[in-house]
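Heads up, the next two complexes both have subunit A, just with different partners, subunit B and then subunit C.
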Partner chain A sequence: MTIPDAKWESRMMELIAEVSVMKVSQIKPEHRLREDLGMDSVCSLELISMLAEEFGLDISVEEAAGVNTVSGAIAMARKHIEAA
Partner chain B sequence: MSVLVLGAGGFLGLNTVDALLEHGVQPTCGRRKRSNVLGLRQRKVPLVVADLEQQQTLLEAMRGFSTVVHLAGHYPRLSTQPELSLQVAQRQTRHVLDAAAEAGVERLIYVSSTATVAARADRPSDERDLYARTPGFGAYHDLKWAMEQQVAAEKRLRPVILCPGACVGPFDWKAGTSAVLWALKGGQCPPHPDGVVSWVDARDVGLAIARLVKSSLAPARLLLAAQSLGFHQFIEATAARYGVAEVAPALSAEAAIALADCEERRVEVEGGRPRISRELADLIVHGPRVDGSHARALLGFEYRSLPEALGAFDAWAQRLGVGLSTRTEVDAR
Partner chain C sequence: MKVLFVYAGFERHSEAHPELRKWVPMNEYLGSPSLGLSMMAAVTPPQIEIEYRDDRVEKADRPTDADLVAMSFFTPAATRAFELAKYFRGQGKTSVAGGIFPTAMPDECERHFDVVVVGEGERLWPKLLADFAAGAVKSRYTEDQAYPLDDVPLPKLSMYFGAERDGFRPDDYPVQITRGCPLQCQACVLPLVMRKSIREFSLPHALGQLRQLKREGKRACLTEDTSWFPGRPANHLKELFRGMIEEGLEASISYVGISMPQLLVASDEVLRLAREAGVGMFYLVGGFDPITMRAFTGVDAKALDRAHKAIARAHRVGIVPYTSFLLGNDEDDVGTVDRMLEFAAASGIEKAEFAIFTPYPGTPSWDRLNQEGRILSRDWRHYNDANVVFRPAKMTPQQLADGYLRLWREFYSDKGHWADKCQAERTIQF
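Let's turn to the complex of A and B:
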């Protein structure tokens, strides 16, 4: 599967904005999901789940629980997309 | 046999789905548009949108199912907005009942809580013991009681009400009961009152539901509890397991409730998690000793032990590799 980075990251930021307290324009790759974006563990797992549903990725709960930053979420998603 | 599970992706939901699969039943799992379905995807069970705030989605999801397992009763993290919590809880329950009746569902298995079980001075409480009126202790008890009343009054279905005690085990994503366990695993003894905790392995709740689904039994109400013991005793036993050096003494009931209220007001502003929630304080202070033997005999299982339940929790926590951090949840989310 090939998704242009710009499109992919744009959609990613929209999903993050849906579950966080930030607007899309405020979200940066280095932001931590919990400390900076105000997510709890439930929200961060919901985010990864939404991502998996949106792009048809097979992500385990254990892997999702290990994601702590926006860049980490992007990297994880990219890895699965490229492997698909 | 066709079974729809509402709340399937949550704590009791995943334990129920696992038990159903072990019993040869593949459930269809209701989900909200925005929910964590990673665990359900891993189990390769069919999913369908069923949002308790959107009755039409419930109706469409329930059509063709003979049994609905309702594990999605409203569960506010904080007790600071009791009227709003009650409104949400009653509205969502009405949506489920109306949709199930219209869809022709034959049996509804509703999972309530031992928060609705009235304490007895002369014996452990059993299936007969239900508060005659709203308990009035706090938001959690009141909304659990109100929802159970709604379900029990339902004449169009065959509701079976299960009341599990404090559930211990894997998949507690919201760190409800397991907030205490996470604190102890982290070397901290949380502030707590003494009182009674009636706990049950979450896998046994799933097992009880699976046995009910597979049978034609239709008890009106069943209590699920492996054991009742003093909460401070529970803390001491668990602290020893996790090597916590110092166990804090139990607070008085009044002090614990005052602290919980203060903590909940704080996290409403600051975020984070209360060191003790009002729900937990109320559950411990007003906790009845519960006799869960009727369910055991009727459904033919033995409750797992506390070390088994904690072992399953530990194994799950180890797989996650991180502690769960939680923030205040907005009531009507």
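Let's turn to the complex of A and C:
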């Protein structure tokens, strides 16, 4: 498993930007994934695939489907990083 | 007691638009009948006699000595299923409807059938048969929980193999690896029909399905994008590919379904295993995911770039990206046709099919377009991706229909070389 370094949050913002309609500089924690960033549920899947590849996180599709905001996505990733 | 299983016919693209046969130098794909009927046959008690008719090949409305006539059908076949139900009820037979359309529209089906089965049928069907034998069959059977896939037998495909003859040799048979999906994609009926959590068939079951086909010299198709989902499903898929390699089942796959987002984020390992397991073609379904819904709108360069990367990745791993383009999403306009053609040429796509967006009952799109008063037709025969049944947002219905035909005509205008290829290589759905 790849252990994420201290900059994982900013890397995660880059990953969110990659699958959303926004640039990384425009993304804020309070943004809603669907309404503000144009991400639908398939984008969430892309994101968790990227988190699996980059950080070795094993996040279930069901869990990701329940996340609605950028801060929620970060909290989900943090929970898995701390548990790893 | 005897049961007649019937697979109702439906209109293909080339039947709705015969000019396609002139323009497209490909072989017309013949899919297998519904996996659902073969599952119901598998859970039918052995003392009950079974007969099978494929209405696509030979009209099924002819006399039978069966007591019960059961159909499993999706939306394009619903109108024909209603006609068949009328015929068999007229013959004094009890008619049963199940599958995608009856689960999405049970009230409408109840007007045409004696019995409607809503949801997965493995638990309900034996109960229905027992009730029928006791003279106490109900008008509706509803599954209210996910059926445990550990208990599911292999589909009784021998019922279909036995019916094969000249003019009816399906190009492949579906292998089911998972059921259900937690996502809420606009155009997908899966969460309604198979519930909102992903359940995997065990590895022995999935390999058993493949072995069953290999023994008979048949090919399999793996159609579910959900199998590629990260985490448990993708790990399961990897195990399946490894199992196929170990058992020498490589040659038995005709294609594997996947979407561009999954193709982009799939691990190198799972793609390598897919190739080693004999997967030579992806059926790349478009128009439902955020990449292909935006890539051809002309305003999202990032989505277009990602679509190019997805096709390039398929080429790089050596798996042909047979690409399905869907025209008619709300952001599509008349320029989308040119952008799709340009993309197909620039990305080197050699094999493609084109479809008109269709709001199938049971999907979020159907609910939304109904609320917006944009459904133009409820003639289910026309719900086959080859007719316009709703009012598009940025085109007229005629522009959408014309654009669909233009895509077929122009994409294949320089693909005459396909005519020299063998039948399996040049088979597509149209």
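Following the convention adopted for this analysis, the second predicted complex is superposed on the first by the 78 of 84 C-alpha atoms of A that agree within 3 Å, B and C clash if a C-alpha of one lies under 4 Å from a C-alpha of the other, contacts with A are read in each partner's own complex, and residues count from 1 in each chain.
Assume a residue touches a chain if its C-beta (ideal position, glycine included) is under 8 Å from a C-beta of that chain, and two chains touch if they have at least 3 such contacts.
Worth saying up front: this structure is predicted, and the values here are computed from it rather than measured.
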item	value
Touching partner for A:Glu53 - first (subunit B), second (subunit C), both, neither	both
Subunit B versus subunit C as contact partner of A:Val42, first or second or both or neither	both
Which superposed partner A:Val19 touches (first subunit B, second subunit C, both, neither)	both
Subunit B versus subunit C as contact partner of A:Glu62, first or second or both or neither	both
Intersection of the subunit A residues that touch subunit B with those that touch subunit C	19, 38-43, 45-46, 48-50, 52-53, 58-62, 65
Parts of subunit B lying in touch with subunit A, wherever the complex brings them together	34-39, 41-42, 173-175, 271, 319-322, 324-327, 329
Sites on subunit A touched by subunit B in the complex	18-19, 34, 38-43, 45-46, 48-50, 52-53, 58-62, 64-66
Residues of subunit A touching subunit C in the complex	19, 21, 38-43, 45-46, 48-50, 52-53, 58-62, 65
Residue ranges of subunit C touching subunit A (in the complex, touch as defined)	182-186, 197-198, 229-233, 259, 261-262, 264-267, 288-290, 294, 300, 302
